[in-house]
Amino acid sequence: MSSHLFFLGCTVPVRGQNYELSARKVAERLGIKLIDEPDFACCGFPVRSSYEDTAFLLAARNLAIAEERGGDIITLCSSCTATLSEVSHRLRTDPDRLKWTNRHLKEIGKKIQHPVSVKHFARFLYDEIGIERIKEKVERPLTQLTIAPHYGCHYLKPSHLFGEDPEIPHTLDELITATGARVVEYEEKKLCCGGAILGIDEDVALTMAHKKLTSVKGEGADGLALICPFCAIMFDDLQRKVDSKFNTNFNLPILYYPQLLGLAFGIPETELGFKFNKVKAKGLLS
Amino acid sequence: MKAFLCSCGNRIPLPEFKEEGVEVFYHDALCSPAGIEFITERWRDDEPIMIAGCSPVVGERYFSRFNPIYINIREQGSYLGHGQEKIGDLIRSGVAWLKATKPIEKKVFDVKSTDILIIGSGVAGLEAARLIGRKAILIERRPYLGGTVADLDRLYPEGTPNSHTLMPLINQVVSGGVRFKPDTEIVSIQGRPGDYRVRLRERKGKVVRCDECGRCLEVCPVEVVDHGIKRKAIFRSPSFPPGYLIDFSTCDLCGECVKVCPGEIILDRSWNEYELHCGGIIVATGLNHFDPVQLSEFGYGRLPNVYTHLEFERKLARGEIKPEKVVIVHCAGSRDERYLDYCSGICCLLGLKEAKLIKDRYPETEVYLLYIDIRVRGELEYLYKELRNLGVKFVGGRPAEIIPKDGRLMVKVEDSLSSTLLKIPADAVVLSTGFVPDKKIFDLLPINLDRERFPKAYDWSELSVDGPPHAILFAGSAREPMSVPDSILDARAKAYRLSHLLSLPRIESHHPVSVIDEERCSLCSLCIQNCPYGALQKEEKVRSDPAVCMGCGVCVATCPSGAANLESYETGGLMAAVESLTKEGTILAFLCRWSAYPAADQAYPIGYPESVRIIRVPCSGRVDPQLILKGFELGARAVLIGGCYPEACHYHTGNIKERRRIKLLHALDGIVDPRRLRIEWIGTDEAAKFVRVVEELEKA
Amino acid sequence: MAEKPKVGLYWCASCGGCEEAVVDLARDILKVVEAVDIIFWPVAMDFKKSDVEAMADGSIAVSFINGAVRTEEQKEMVELLRKKSGLIVAFGSCAHLGGIPGLANFWDRKTIFERVYHTTPTTDNPEKVTPKTKTGVDQYELTLPEFFDTVRPLNQVIDVDYYLPGCAPPPDLIMNAVEAILKGELPPKGSVLAPDKALCDSCPRKDSKPDKIKITEIKRIHQVVADPEKCFLAEGIICLGPATRSGCGERCINANMPCRGCFGPTSAVVDQGAKFLSGLASILEAETIEDEERLTNSVIDPAGLFYMYSLPSSILRRRRLS
Amino acid sequence: MSLLKEVLSRPGGEEIRRCFACSTCSGSCPVREIDGRFNPRRIIRMVLLDLKEEVLKSDFIWYCTTCNSCQERCPQGVRIYNIMNILKNIAVKEGIIHPTFKAQVDLVGRMGRLYEVEDFDNKKRTKVDLPEVKKVFPEVRRLFDLTGVRIDE
């Protein structure tokens, strides 16, 4: 098995330390060795809308670094996952684009020969560790909890890269079930968080978040489990803002899946970064 | 060897022509009764002859039975004002060709069996069997007759109960002496028109004697859902034979039914295999329903109350559902790159029919019909209008998704016409799914149907009228999705065609076909997939079946070892023609007889350079690159291949194959100048295009 | 003891592999030597041109000539041998078809000299010296045979009786030919002394060939690990087997290399390259015209590939040089 | 160049002409559900009709959340998500860029990150036993230069 390089992206190290902390803890419990790579920079996603080629090279640069280190990439952020996966796929299937890329990468002393594979942490857990092995490690099943899964968009789409039907996603559902928690179905399960247009039109973005939160709350969920820092910003960081705009009081804890899993593993909540969660999850933890 | 030169009423200045070993005859009107008599008197059966005179486009009407080599010295000579020298060259090329050719063999296939096998007992198969009567052998995969129609409630557009059509058909078939074999499948088919050997297998198990007491039904433990309707593995026949029947695909052979049956039941899932001899085959296997489970955003198979149209119709008829609000979704799977990239043709009408069935039974039920385009033709438009008047809500859009909500379904769709997003709550969603062909039968037929689609008539040879007659014909929805009336009409045509064909003692044809020299063939097989008719088959040797070959010659141009040839268009003959026509500066044009050649025929009022020399080929795909390179070697300024437009090739894809050859020739970088070797699509009436192209080549 | 038939062997423009092929007869060569008298074989024994000139016309029973004709000297020698020999056998691909040296016909003498004597990176020739047929050195005149503009197979220079194909001809075909000549059981003049079916007929992989071959992507032999059991074409690797005469013993195929056509076409084919091109074009499987373009363009150096051994004997016109 | 031609010439834009306006995309779009001005079907139709000004100058091309629902469901394989990106790229090329995107580009260009990492952040990380992260990546800046993208300081 090749080594796993840990790709944090831009948002996680600054605004998703709870995600990072809990993921590292959970990985440790499961015996997954995540290697830090300080040279990984932005995946390219934020530039894609404006300068596709530049964004492509940004992604390629990260892939080149991983190739040089001889590892594959494990990501936390779903946008990073999709961006890096798309670029890796294109480089594997389009020799012209590969040539073009290498021509540019040469200028920064880098090169791609065999684009590395990229996997989201949650998909890695599902595919490589497996639900059964995860269940074996559960020490404190969260049977009291009812959790709504939020997959987000880039974890599932483009689906040809990930192989999971985005119309009936199931991996996160199963991962949550493995912790002993009950999964709740809700109408807006597939709805996007709106994060990508937060800076374009906050009203629309918050309306989307509101819709999601309403739907989740309506099914009586104790919390929402997710796997992308962008989505967390929308639902956790901005929940107060949603509340004030729509005159609601959701008070819905938003948990990164590794936090949930960490709890089930019996890891103390202090080690799982719960203090960084904006909506306090006190009620859940007792 | 004989050459007939015609002056066309002294409109063609015939040169004095002599050639060793060739008898030359002059005439001034070979197409007159006297002229035809003139040839007949001098023509020995099957002897190759040359006729020089008018264009074969004209001449073929009179001289087809002689199968001559035509040399056109009128439209390509005197009409253009081109001189004696060119006319002389043309005649010389014809004679050189004649010398290199062999007589066309006359093909005779004895009709060894006049029985007609009909595969499938839907309305098309039944109608064909009804007309053919005692000569018909009707096989059916299921244990009862009727095909798809037996599963339906009503027929569109009038909403007639299916029994109106099915019962009289079955009555006449059964009483008319048709041999009917239920629970039977095809294993293999071999042979040719008038003489097919078909291996069949028949299920050994069956209900031998049934009193219709129904006791078996009570004890059968196996429950099956058959297109939305629950039944047991043993069930009451919806058509014929009557009584109770066993569905062996689900029966678990527990034997409970045998214990209670006062009659006789044999429980045996195994097959009895045997051979059958017949002269012709009608494929009436109908259609398969596209399985919409794949369309996961529509939730079929996952959400309750999402049905296919067939399931819905059956449940509605039996009163199992009484919805207050129904959404009918068109193009479920059809016109979708991911699934069926074609229009299934009849599903619009099926969707409309379902709407009508609902409105007939429950006028208060609210019906939404979601469509991309409504495709109904002819007078059936009235149904569409009637449904609008009945208050069906037509929404111009395809749903984004169907999700469960508040115990019902919710269909999310944008009506593109009003740009409104609708979220329609519904008790039932009906998917008007598309249809897929029964590919299994394609693989068993000795013809090439190398695709996932229905075998439209023009996809292979059924429509061709210039080749040998075909005796494997598709009828009804096996050919393309068809309504019941259309299926019946189609079946009639096919039944009459085959009955007539097999009423002859033998089938004769004398058109040129491909011949494989078995001594030379290395079994490299490159030719096989090029034949759109499946005439080439590899067993011990590669053989071309003269009863199937249409004579395009694509295999001949393909064969890398020179083992394939086409009667009267042998490589030797064409090469000889190239050699006698090509000089320094010649524009050599190989023109397809169906399009570019007739186009050139009409170009004389415009006129074109005398350097243009035309060789007529059956298909542009017959043009062997050796002929092209030979032309260049002999000093041709340019070579033109004229073919039919893509999709319009008389032999399906001969022109495309040729285009690929030309592309590879162009890729011989610096050796073949792309400006001097062109392949052009020239339609039958595009004389002006032909002239433009040759003039460009003249300047190239 | 009756006089043994006289046999000559000569080498024109070729690599020497054909001479090697004679040696490859191994023990069988003793049989040959026993049956015939080798009176001319410059590569192995010391003969002079004058020895041949001294012979009576037609006194050599058979001359085996390998290599294409590229220079004036070769032309003179083969013409001389023609005069002195009863039978001429073109031995090997180069004499038969032009062979690998024949690929030079994509260029002409001027271009070749320019490249070889002036522009190759390792050439240091500031005075731009190129070979001349006559060079004056002091009072002497040195001569070189003329280097022709065009490489020709043997039958474009002299009348050839038989052809032994192959690069190089395999020992069994050579022995068959020798035995046939000794017994006087020869096929019609002009025959190629090998089976007249294409290689697929005897290919050890023929059972793996599907009835319908479709190529959606052309692969080159260095890009893939070719399945040692499977028909090359079925794998998308270009193999000239369908357009090439059999009889070679499938040496390349057994070494997991596709056929490159050294045995030339069957007797029913005029132009091996054109025929292979045609066959290949018809098994390309492209859905769209772009696909078709991509596929046809993905054949690297098609002229050099399809005509690797047969360019001088093909009907392909020479590259037009600007 | 015409807008349609430009879209067709870019990877992901080739299939735009397959659109038969079935509205699967607009029914699937979460933004369109909230603000009807953003409608992928309409935008695609407008591109097909080559309404360059109307498309590029409209606010709504910036509204795509890149959720990809439309593209996954499109029955004709039109790559709507890619097309929306192409349109934004073309707009940028024409000198029209949304300030938010501009700010993101400048940040990533300068730092190699979407969020500036201060010493404070790294301290905060070490406090909870997380490794420090790099603050600036000059290589990224170089890639911007190589592709001719100007960064405002």
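Order of writing sets the labels: A, B, C and D. Residues in every chain begin at 1.
The rule we apply is simple: a residue touches a chain if its C-beta (ideal position, glycine included) is under 8 Å from a C-beta of that chain, and two chains touch if they have at least 3 such contacts.
Fair warning: this is a prediction, and the values are worked out from it, not measured in the lab.
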Pair joined by more contacting C-beta pairs (A-B or B-C): B-C
Geometric centre distance via CA averages, subunit D-subunit C, whole Å: 60
Subunit A and subunit B, separation of their C-alpha mean positions in angstrom: 52
For subunit B paired with subunit C, centre-to-centre distance based on mean C-alpha positions, whole Å: 47
Centre-to-centre distance between subunit C and subunit A (centres being mean Cα positions), rounded to whole Å: 65
In subunit A, residues with contacts to at least two other chains: 167, 190
Two or more partner chains touched - positions in subunit C: none
Touching two or more other chains - residue numbers and ranges from subunit B: 297, 401
Touching chain combinations (by label order): A-B, A-D, B-C, B-D
Subunit B partner contacts - residues on subunit A that touch it in the complex: 165, 167-168, 187, 190
Subunit A-facing residues of subunit D, complex: 30-31, 34-35, 62-69, 71-72, 81, 85-86, 88-89, 92, 97-98, 100-105, 107-109, 112-115, 117, 121, 124-125, 128-131, 133-134, 137, 139-140, 142-144, 146-147, 149
Subunit A-touching residues of subunit B, taken from the complex the two chains share: 296-297, 302, 401, 403, 405
Footprint of subunit D on subunit B - complex, ascending: 297, 331, 335-338, 372-373, 396-401, 412-416, 419, 421
Touch list for subunit B against partner subunit C, complex: 450, 517, 519-530, 538, 554, 557-563, 571, 575, 624-626, 628-630, 632-633, 656-657, 659-661, 663-665, 667-671, 673
